[in-house]
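Every chain is named by a letter (A, B and C) in the order it is written, and numbering of its residues begins at 1.
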Amino acid sequence: MTDRRRINGPSEGTTPPVFASAVVTKPTPTRAPDSLRKIFLKTSLTPPATGSAFLELPSPAPYPNSSTLKITASVYGPRPLPSSAAFSPHARLTAELKFAPFSTPHKRRGYVRDAVERDLSVQLQNALVKSIKTGAYPKSGIDVFITVLDCEGGLDGDDDEGVEVGLMGVLAGAITCASAAVADAGIECVDLVSGGVAALVKRPQNSDAMDTDGMNAPMLVLDPSPADGYQILSAAVVGYMAGREEVTLLWTKGSVGILDGEEDELDLLMDGAIMTATAVRLVLNEAVKERMLLGLARSKGKLKEDGGGDVAMSS
Amino acid sequence: MAPSTLTTLISPAELSYLRSSLALVPPIRPDARTPTQFRPLVAEIDILPSTNGSARMVWGDGGECVVGIKAEVEPTEPTSYGKRRNWVEVGVEVQGQRDDDPLGVFLGMTVGESLLTPTSTLTERLVITPKFHWKLYIDILLITPPLSHPATLLSLSTNLALRSTRIPRLISESDEDPIFDDDWDASIPLYSITSQLPPITLLVVSVEERNIFFDPTREELSVGDCVLAISLASSPAHDAPKVIGVRTLESGTGGIAADAKDGVVAASIGGVKRRVIKRIIKESLSVGKEVFESLQGVVDAN
Amino acid sequence: MASSTTPPVLSFPPQTFQKLSPSSYLLRHLQSTPPIRPSGRSPNVFREPTIHTNSLSHAHGSAVVRTGDTAVVCGVRGEILSLTNGEGKAKGGVVVLRSSEDNDEGFVGEEDGGEGELRARSLIVTNLELGTGCSRDYHPGPPSDFAQTTTSRLHRLLLSTTSLISPESLRISDTHATEIETKAYWVLYIDILCISLDGNILDTAWASVIAALRSTRLPRAYWDADLEAVVCDPDLAKYTGLQLGQLAFTASFAVISGVGDDGKSVILSDPDEFEESVCEESVMVCIKEGGKIARIEKGGGLACGMEGLGECVHRARNRFDVWERLVKSALV
């Protein structure tokens, strides 16, 4: 069915370019497993919104795997719920995540939200809502809109080859970006939430691990990217409130070993993700602080301006 | 906002009472179950003759779930970017809900994700010849949505349906177009007894760090601190199931927690400590083992 | 009770005044000497734009354009429309399209700048998305009326007004055959996402389309007779840009009437969201290279006469120079 409200492509359908040499060489990891990428996070880039933020994660690998993660978030509210909505004693948070049509490799994405986008939206909502003092805003709605402008790929889903971490990276970025936007909107929170991803990967063959036992044990990678080229056995993303040391969201994929008493794969994975999230939190703090200082400076300036009374009402 | 699965029509006072009784040591559940006890259910398999595998489950509270699985031959595209994930298609229909309902999306994603975990070897078994594979359509119908969250019901029904799924035996050579034996008795089970079993997903809720409840009702979910859907895989060779996926669900946001400090009732906010999550996951392993055993019982009885 | 007390003077802070009576709030600003807009700009001042190109990894070309608080991201992606399978074949073989004989299949020919071919095949797909949380008025979901109108204005500018893209540059031909056959086309999906909306989306969106198209580089595509399919060369050095026509840029104006006692009107360049919501009459001028007027749109009122239009064209020509310089320096 054609979408009559948009301009459509040829009815015969189009295909993404197919390249002659289909030799896809898996990239080899170029950075240390525990190295974290520098995050660019800036608030208030969408002035019409109550609060907004932009997040960018650079690529760890050179071309042709040099894709970045770029996410914008805008927050509206607290604003009155539509009159059709039922009474709510606390604020209702909705999060809507959408990929831009040009944000993913291979196939263009559609304009209508698909199952993956809905799933991520719900997870994001769950991760954020626990940080917001919803009780302070009865009968109100807080709407969070996330647009993924560019992502790192790795969205094709899991198969016998390994787990894909692309969606987890998007979710972690969306959590951090949305939390910054919520803070930018001046909405009361108990803490900020940052997202972090960690993965257990098959140890590369040329690894210089000396002990033979260690050769078979999976290796922990912080902040993994689909462009790194690891064969990922399991991965986890957390939404973490570092101030309260509390987890608001956990999503794992892949088989994770659990032992009694001692440190097992689950601990390794969860601690890794939390470690990443804690590091991300520092960036989040800076972005929010920067904004606060700017806001203070501005409100001082504004007072002066208002005192001047540039227009008179009396006429 | 999408209608929440946790929308409860009980008052703050009732929620507070419920939470207090669940927080007791030992806890008291409204239906007097022990924390790890499931509600009674009736299960049967091979109920739909025109499918490759099927199962039906009826929960005590009236929830009913039917799962039908069909396998179709599909050519394997050599240059397709889409990976083997597309070999399994999960459709969830919740009666009375739109098909883009978040609940249906969540359930479908959970089932799909747990089936295709890297250690599942499912896609390997779907390969017919280098040029063809089976495409699995798993259609899940929640006829009467249960009063509680349907994740557990749905996951157990799907597990049974997959275990009853049989695919025709290939009689042609691997380089020819596939031809199959039309004798249904000669067909091969998709999950043989010796291979890894299909996964299950358990819904677990924690209240006040110390108490963990399995198969929670809707009311119990709305006063919980943390709700996790834990997917487990098991093979008869290993006696302990393995965790293959964890997802966090909405919890407590509609609920009310009694704030001991100032004696007022406040909306519960904040996450949970990581040790709570660890405990939930660990406990689900032992419960999961029992669930796998009872499912085996259903299969053996048929 | 004393009745001699003077009635209390009603006074509001400016923000309240703006909400209560938006049009008189704007008028009071414009009546001051020199006239100043609520944003602090003079009536003839446009907002300063910035352009960044090729910042997206999965688009063939892209641009981020920001003018004041209006910001858009435009991504161009090429996909292949194959004529040999599906409908193309059913319609009776491969269509032969050579520049001299474009009249096949009812194409009007070269004099329309290839618009017929582009339209008939839907080779250019322009869409503007406002449901990104860019403003509190637009929500995710089906595009609003405003988004649909703006999309079709952009689409018309691209196809008819400026004839920026020639169909030749999108054809993929079988070069080995004796007769040159068009086997497939590149279809350009131009998606414009508004990240932040503070009025005058058209000028910013259009500039982003121009910048993104200029930054677009498509892989070399050729017809592989053995595979019977279009195959692309992964060699980056063989990626080529689009052959684009002359540059053109738009400038939008809001006309506010009744500013002076004599009913004099004021023309505001590059109106922001507040000014757009108050004004009734608007003018858009599209200027092509060499100061040529490619299109004028005017509607909503009668205050702007010939003199006013002349002023708009004058300002639009100056604005063209700003955009031109910026777009050319964004792509080195």
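By our rule, a residue touches a chain if its C-beta (ideal position, glycine included) is under 8 Å from a C-beta of that chain, and two chains touch if they have at least 3 such contacts.
Quick caveat: nothing in here was measured; it's all calculated off a predicted structure.
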| item | value |
| --- | --- |
| Minimum number of chain-to-chain contact steps, chain A to chain C | 1 |
| Most distant chain from chain B by Cα centroid | C |
| By mean Cα position, the chain sitting nearest the middle | A |
| Chain A and chain C: spacing of chain centres that average the CA atoms, whole Å | 30 |
| Distance from chain B to chain A - Cα centre to Cα centre, in angstrom | 26 |
| For chain B paired with chain C, centre-to-centre distance based on mean C-alpha positions, whole Å | 49 |
| Multi-partner residues of chain A (each touching 2 or more other chains) | 16, 18, 105, 113 |
| Complex interface listing, chain A residues touching chain B | 16, 18, 22, 85, 89-90, 92, 94, 105-107, 113, 115-116, 118-119, 121-123, 125-127, 129-135, 141, 156-163, 190-191, 233, 236, 239-241, 244-258, 266-267, 270-271, 274 |
| Chain A partner contacts - residues on chain C that touch it in the complex | 9-14, 17, 24-25, 28-29, 32, 55-59, 62, 69, 71, 73, 75-82, 86-88, 121-123, 125-127, 129, 131-136, 140, 142-143, 148, 151-152, 155, 187, 189, 191, 193, 195-198, 218-219, 221, 224, 229-234, 236, 273 |
| Complex contact set, residues of chain B against chain A | 1-2, 12, 79, 81-86, 100, 102, 105-106, 108-109, 112-113, 116-121, 123-124, 228, 233, 242-251, 253, 266-267, 269-274, 277-278, 281-282, 285 |
| Touching residues on chain A, where the partner in the complex is chain C | 5-21, 45-49, 52, 59, 63, 66-68, 70, 72-76, 79, 96, 98, 100-105, 108, 111, 113, 143-147, 149-153, 306, 309-315 |
